[in-house]
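Quick one: the structure is below, questions incoming.
Chain naming follows the written order as A, B, C, D, E, F, G and H, and within any one chain the residues start at number 1.
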């Protein structure tokens, strides 16, 4: 009577972003049901937090229809066109451990037709790495910064570039950095004006925020 | 030898936002010194968190040069031109207690030449209030939402409009809502995609984020 | 001398609810001992948090006497009569991840002779889903709402219906939503008047609360 | 253009509870504006968290129209009829410090036409006090229990009576009890089945929950 | 040069309690080294938090010298004499999940020559269970109470008996009870005067406290 | 109908400790009512957390009947006999800021007929201070240790003496020590076996615990 | 019998730092007693956290013997010689609000005969400010960095200079920065290797750490 | 285009410490890429948090080039010369569980050419153990103290020796000590002046701090 999955079919029209499928808390049966419903509708979809084990447990047929990336744990259902223009979003990371989150953002943007430029491993302990890229980074209307530990990258970046800086605290590190809480509070308390923050590890949300900013301005 | 106040004079050129003066932790002597330094430079400045008692304790001369608003606790030093066009930012609140934060955002935008449209007191407990404004709100490229208590407004708004939604958790309420923590975690954990968050009560930061989004897009 | 399990045999008479067996922290030997004691008394019982591995490790004989549901992790010992009338409780969820908790509530109500109506996957990001059901939901004297992430569903629901809304924060999500804390504080800080809350994931407790409300009123 | 106070005028029809005015974060000017708006509409209203200093600062005219109680910090605007029948709700406290919260609940119920029976100062350290009232308490369909410190009263009460027990953790005590957090977690983690919880000090919310339970059942 | 294990050989003389070996964070090699050092000295020892896997990984020879109990995860090295008199300590639990902690306390007391009387599964939800034992419990100079969830047992017991009540919060339950924090704050905030508390799950520490109380008083 | 103050008159008989009056959350009217009730009964009573302002606001008549000590904020109602023998409890502090809590313990013991020996200002930063008193301290069956900041005194003391050590974390210090939390977790996590803990600043509770230990042993 | 103040007279000999007097939790009477005891001994002393109100309440005679600085809230009792050489410690701050803590460090060093070089208001939002001083800062064997908000200054500094960087998180800011917790976790989680941290606002402790480093190395 | 690993090649020149490779959040492929890049440059490197499973999964060739220690989970890439002189750093632990962290510090120092003297298992519960070493420990310019549980060792040590004491809270213990938080707050709140703190389990950072202190002083 009450279906488990109620597709928010007009979300795209309402807010410019189609519904994505968050796979982390779904069983394989639930995933298959959702995918089949989307296929029946002929809908494209982005899947996030799809663990390799979940992906491997899907039927061959469903797996064949998915473009899966194990680093970002994302999959595309349906065709994804190449971006129509040059990158409008820079994705920046502090260290190697931030890559999976940065790639979730990059893949989300790719699904929505936006190219990104990657600036990885430019953490603050070696400040010259980010300073050397200042001019390049200052050209972007939107930047997604992913950093764990103490997240000093957010403030440094926010003080160097005029674009919208979306900070994604990353769950890496140990002790007080465990779970990404130190980076989260660092991002929220930043002394650089106008930095905005999404939930820990939420590369998907950061990409959606960048899309909101880009599309809304384009529409004016 | 080491001056107490080192003006970040080229900030405006670097990130499109001039330095603002955060007054909360400054003594009256420190405030006067900062204001005199800015006056000597002929710089305009925005002052935030200027408590009425601090304002009252300034010299008549300094007070005369400030355009002070006690609700938002902001002051303008130097001329502020009227906005050149119609509002590009909507400022939305859940209840009366959110007004002071919303006004800090609105005044910050005014200082930078942006008009806002106010949509106040449209909290979720009376859902019709925000639903009735959906079309109006959906036209804005950027929205600043201020809410305390459980912050459900952020998710409802994020599901209704395509613009960039900057959530400002407000320090109001009691018990688990005390200090704005419930609204903060609500904003960060929102099920609506692409909501971005600033620190509790940080109306100034939300306005700066909106400016980053608007200016960057304009510059392309 | 001191038995490990002291059955609270007259609990049903005292508070209208027989004792349930919380299985999470029990070894298989302890579970078997409790079940044998109940069987020896001829008592019916509801088992909660019975993991599939625990269930599988019970003897064939004990397993045969249990009506086990792996999604809700509940089991019935003894006969369960079909509900005598139409549903008096609605069980509502925000997303797929909330189903296991909602089913724990539904099964608990079934054990006590109450039917439920399920309204699943009506989260706030697609607000039309819950608005479309407003009239249906407004007819119920008691509603159990299960939601993780930011729990905005609780406030939206509480502002739409007159019945008793029991909010069950669900342990799903990541970052600040991890462990269900964001949804819990959201439920407690709700701006909708008269929402009540139970512990994170406590579908069983929410059902007991609904039973208390329904029975007490019936007895007047 | 955007009024500060948007009255949720049909809330009463929607959820059976008229809007109340939460005064804690309002200035005296804001309070006067809200009261005048309500008077202009001819609406009755309940005011909560109205501090004596706020009350004293209102105009004589407004003060004369309010029935103010300084212990519960509530005020009635408009007529309040005597309850039509015997008490259907028991209000129970652990100690003297819980009285102000209990009275907020009692006054809220009175405003909505429900009488209460007070059982005060029956904390668990002197267990005989609550045991002596067990029969009296077991007759109520709804009970509101207010307790600070460790909140053991909630579990003891929940194990003794069949009615709906709404636990209100109270912000009293010191050290780990400071702010009511110990009582809150105690209420949520209670071993007694079916206890429901509202925010710390939220006597108003507890009363609304009781009203939802009583009215919904009455309407069937 | 610096041995890894420096035996605090005169601890027994100093504080009346020989050193115990906390095994949780030790590798099997470290455990073997400690045991061999103690055997070489001819010292008796109590081992706590010895997991079954650790125990199984010891050499046959070492295992043969240990009296191991898997429920309490304790082992005796060397002879343990039967207690010389009747029990002077009561060990009380709220539910089945508290047994492992209670047994750690009981085994620690046995190692030091004290018998205990077990009163298990007398949680507050069925209050008659503890009330029925009030007289028996009131005879003990020291009681060790183990409870998880909300720990209401501590306050109820503390209000019923004159002996020293050592509360041991137990890490059981879920949501806000997770990790034993709710029971811990409940014990510390108790309204019953003179309850003392040890760390979560610290059955060993509770037994040592009882020994300190009993021995010190005996020595006067 | 329901008196605000229900005297737990037989508490003394039940647990060996008469009811005390915790004054912190009481108004002056409530205090006067309680005192008059106790006077009418002819009961002795100990008052704790009686602030100088509260004391000053009582009527002259009531004030005359109280033996008040502003440092410990305690008052005796009724006669207090001198202790019949030499001190059986040592009260130890780390620094000057712990004195008020230590004195609450000392006064509570005095009210119940026990003398104490004070060992103040022997914090661990100057370790010789406590080492010099080791023999004196080792003679006491019960010790009450009051310390703020990091509470290292608890572990040092617990490793030096055989008596029951009741740790009272004190709310002093700043930063992570603010509110006494660092000292509390230090006391609970102590490496010295058998230390027991009461709530932050709870000198009264520590004294009651010492009384329980002393009386219970005496009664055997 | 037990003096309230036990001077740790040989601390200087033991650890190279004389005892300081922490005034925050002392009454004026206690302060006067300590000062008189020190004067009687002919001891020099550093007083920290001496509030202007406390200072003003001392007798004229005591006040005359103190060299008091209201910004750092420190006072010197006894003569302080001018530093024998050039500064060996740099004190760095992010913003105006950090000055009081930086001055506590500077005054502590002055009391112990060390000069400092002040580099104030060089926060990360204007990165050029600290970059411009890199060479100057790199010459110091020890640096004390004081920063509130997100404390990004610690990591930036730690990546630029070879000296010992002692991070002092400052209690300034609001929301998640409130109380200095964001800066504290930032300092502890820093990606720059070898940064060390002291308690929030602990300028005194940072100075003592610098003295330990300088003196120990000098003694080799 | 954007390499995943950007070597901070001149870090050694800038801050006197070459970049180390933190392996915890890296995949085996990422590790191999980093090692090959370092080998191609001919750089020496220290690897930290290299789990045995990670080490085992590397190619034989890479494994052959690493000097791996499974207790400290560190590896040396490239030659490590024996220390040129006697130990200048003492590494002190409270118990067996602290050894892995202490060894991370010792190995980091060895990689940088510093010998250490180990003083292990000298926890405060047996105070004589550390007192017996006071003279030996007082000779060191820098000490690294590793302790879990309540971390009382930090304060005791800080009160006994003049050298720089770097406290490393260790993640051992259970209940309130879980995750090392009790030891961390203990270290930060210490009553012994001038103790400095690094993140929980950060033996590497403590060693870097000692190197900063030693080198900076040597360079003067």
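What we mean here is this: a residue touches a chain if its C-beta (ideal position, glycine included) is under 8 Å from a C-beta of that chain, and two chains touch if they have at least 3 such contacts.
Note that the coordinates shown come from a computational prediction; the quantities given were computed from them, not determined experimentally.
Two chain pairs are in question, F-H and A-C; the one with more C-beta pairs in contact is F-H.
Counting the residue numbers used at the interface between chain C and chain E, under half appear in both copies, so the two copies meet with largely different residues.
The greatest centre-to-centre distance from chain B, using averaged C-alpha positions, is reached by E. Averaging Cα coordinates per chain places chain A and chain E 49 Å apart. One simple way to say how far apart two chains are is to compare their mean CA positions; for chain E and chain F this gives 26 Å. Among the residues of chain G, those touching two or more other chains are numbered 11, 95, 125-126, 158-160, 175-177, 184, 188-189, 192-193, 199-200. Pairs of chains that satisfy the touch definition comprise A-B, A-C, A-G, A-H, B-C, B-D, B-G, C-D, C-E, D-E, D-F, E-F, E-H, F-G, F-H, G-H.
Within the complex, the chain B residues that touch chain D are 95-97, 99, 117-122, 125-126, 128-129, 148, 172, 174-178. Only residues 94-95, 123-127, 149-152, 154-156, 158-160, 173, 175-177, 181-193 of chain F touch chain H when the two sit together in their complex.
Within the complex, the chain G residues that touch chain H are 11, 14-17, 20, 88, 140-142, 158-166, 184, 188-189, 192-200, 204-205, 207-209, 211-220.
In the complex of the two chains, the chain F residues touching chain D come out as 1-6, 8, 10-11, 19, 22, 24-26, 30, 34, 169, 171, 179-180, 184, 199-202.
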